[in-house]
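Only one structure is covered here, and it is reproduced in the block below.
Naming follows writing order (A, B, C and D), and every chain is counted from residue 1.
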């Protein structure tokens, strides 16, 4: 898909915004790719992020997928925008096991108010093998921050 | 709705399982209600659980809603079962602000393999005012742990 | 929930709009309840609406649930509005059998731009017994038709 | 993705099952592609399939997407299986206009009991231009028909 950014400073502003997501520091997530329409977030496995069977909790899988989707939408928004999650749906495909996890989000349709994004979350083993563990499809809202203030 | 438990020890086993969800300790979530078909989880607000605007991150809203849904399904499963999330959909209705958050899940339809659950997540202010911040609808899978081992 | 209509003529306008949904005539659906925040649509079973096992096709279950959700949102919109479906999620709980089907939608949260709605679809047997066959949770968009023209 | 069929007669059985979906005849839908893990359904525009603004009703968009998803899952199921929709989520990306519509479904993850599928629905104009109008992500259930009878 050909994604055309409207805000020339999107990458820097996105990194600043990401740095303000306190939850990303708490769980240890990092921004590993920022391109027009595409954002990737990586998260090393930690035992304090798990559910009762020792796998990454579905809510944490969702946390990195949602942030990736929100920022993927943000890359295509005009200057002075903020992004909010409207809704998302997540299918958990396999137990979320891996040495680390990678959430890759890509815009499906960018709109003036609403942007639809899909994300795939992979579990990556120590030998680099990737396995799809979850798939998200969601809607992001473009907030006109500049006009609001 | 009339929910009939099949496992007389469901409440104790559920509490043991919850205690093994390491992520619940990390974020500070507590189990505040366990009844047949109904589970409630509470989470005090903390600044390290937030997104870029200082509200509770949608992924953490989802984390407590998903655990509440999973265990609500669990209360109606036969002895020797485990529960897995198949999928969920979350609508974020308002910025997730509050002194604490309460996720209330109730089973919509319990099945042999699949159970459908809805959860409402409320933000509760310091004066006790509750506001609905998110609504989840999801599917839980009944794992036959006893036969697997 | 307390739903306050903003458009005093919502019921009449809604019925006119429903009459223009050609698909409702094709499948034989009727509007059976219109109140602020709540809309109900009924559909008699017909063999030409079925999937391969003779049950009502999930897409037709969705068709009446979506129209009910859209119009439930519409009842709370200001004068001069149109309604569009943004997204919905449907859980199919049982085979959709019945002499007729009833989709009941109720607004969960009405907003200026987006309204979240839930719908339950029941199968009704010839003796009047109702069984929940599907649950929808979706988002509707308020289109400012007056300003557009 | 590499999809490996388990049932050598899947294509013929799928076509027989499709022929029994009475709703497909009513709306005029055709099966236009059947491959392991991939199914495509086409539907010419008709005025009796529309919502109040003259576009294809979201429920009919869903009807062809759901059938495409169900049969895409079916292509990878073992002999003697039936398929049921568990749930799906649909994002409506644009007004569904076109001379005809094409729903393309592809399996994301095939499992023993549950299979996750994504579908894209395109509106095709008279000059052949395609525009994405909807995106579905859903779960299909593998029913063991042989053992049930």
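Here is the rule we use: a contact is a pair of C-beta atoms (placed from the backbone, for glycine too) under 8 Å apart; a residue touches a chain by one contact, two chains touch by 3 or more.
Quantities reported herein were computed from a predicted structural model and do not represent experimental measurements.
Colleague: Using the stated contact rule, I'd like to know whether A-C or A-B comes out ahead in C-beta pair count.
Modeller: A-B
Colleague: From chain A, which chain is the farthest off, judged by mean CA positions?
Modeller: C
Colleague: As a quick test, compute the distance in whole Å between the mean CA positions of chain A and chain D.
Modeller: 28
Colleague: Taking each chain's centre as its mean C-alpha position, how far apart are chain A and chain C in Å?
Modeller: That pair's centroid distance is 32 Å.
Colleague: Between chain A and chain B, what is the separation of their C-alpha centroids in Å?
Modeller: For chain A versus chain B, the centre distance works out to 22 Å.
Colleague: Note the residues in chain D that touch 2 or more other chains, in rising order.
Modeller: 86-87, 89, 91, 116, 139 - these are the residues of chain D that touch more than one other chain.
Colleague: Would you pull the chain D residues touching chain C in the complex into a rising list?
Modeller: 17-18, 20-23, 25-26, 47-53, 57-60, 62-67, 82, 84-92, 95
Colleague: Which of the residues in chain D come into contact with chain A in the complex?
Modeller: Contact set of chain D toward chain A: 89, 91, 93-94, 108-109, 116, 118, 132, 135, 137, 139.
Colleague: Could you list, by residue number, the parts of chain D that touch chain B in their complex?
Modeller: Its residues touching chain B are 86-87, 89, 113-114, 116, 139, 141.
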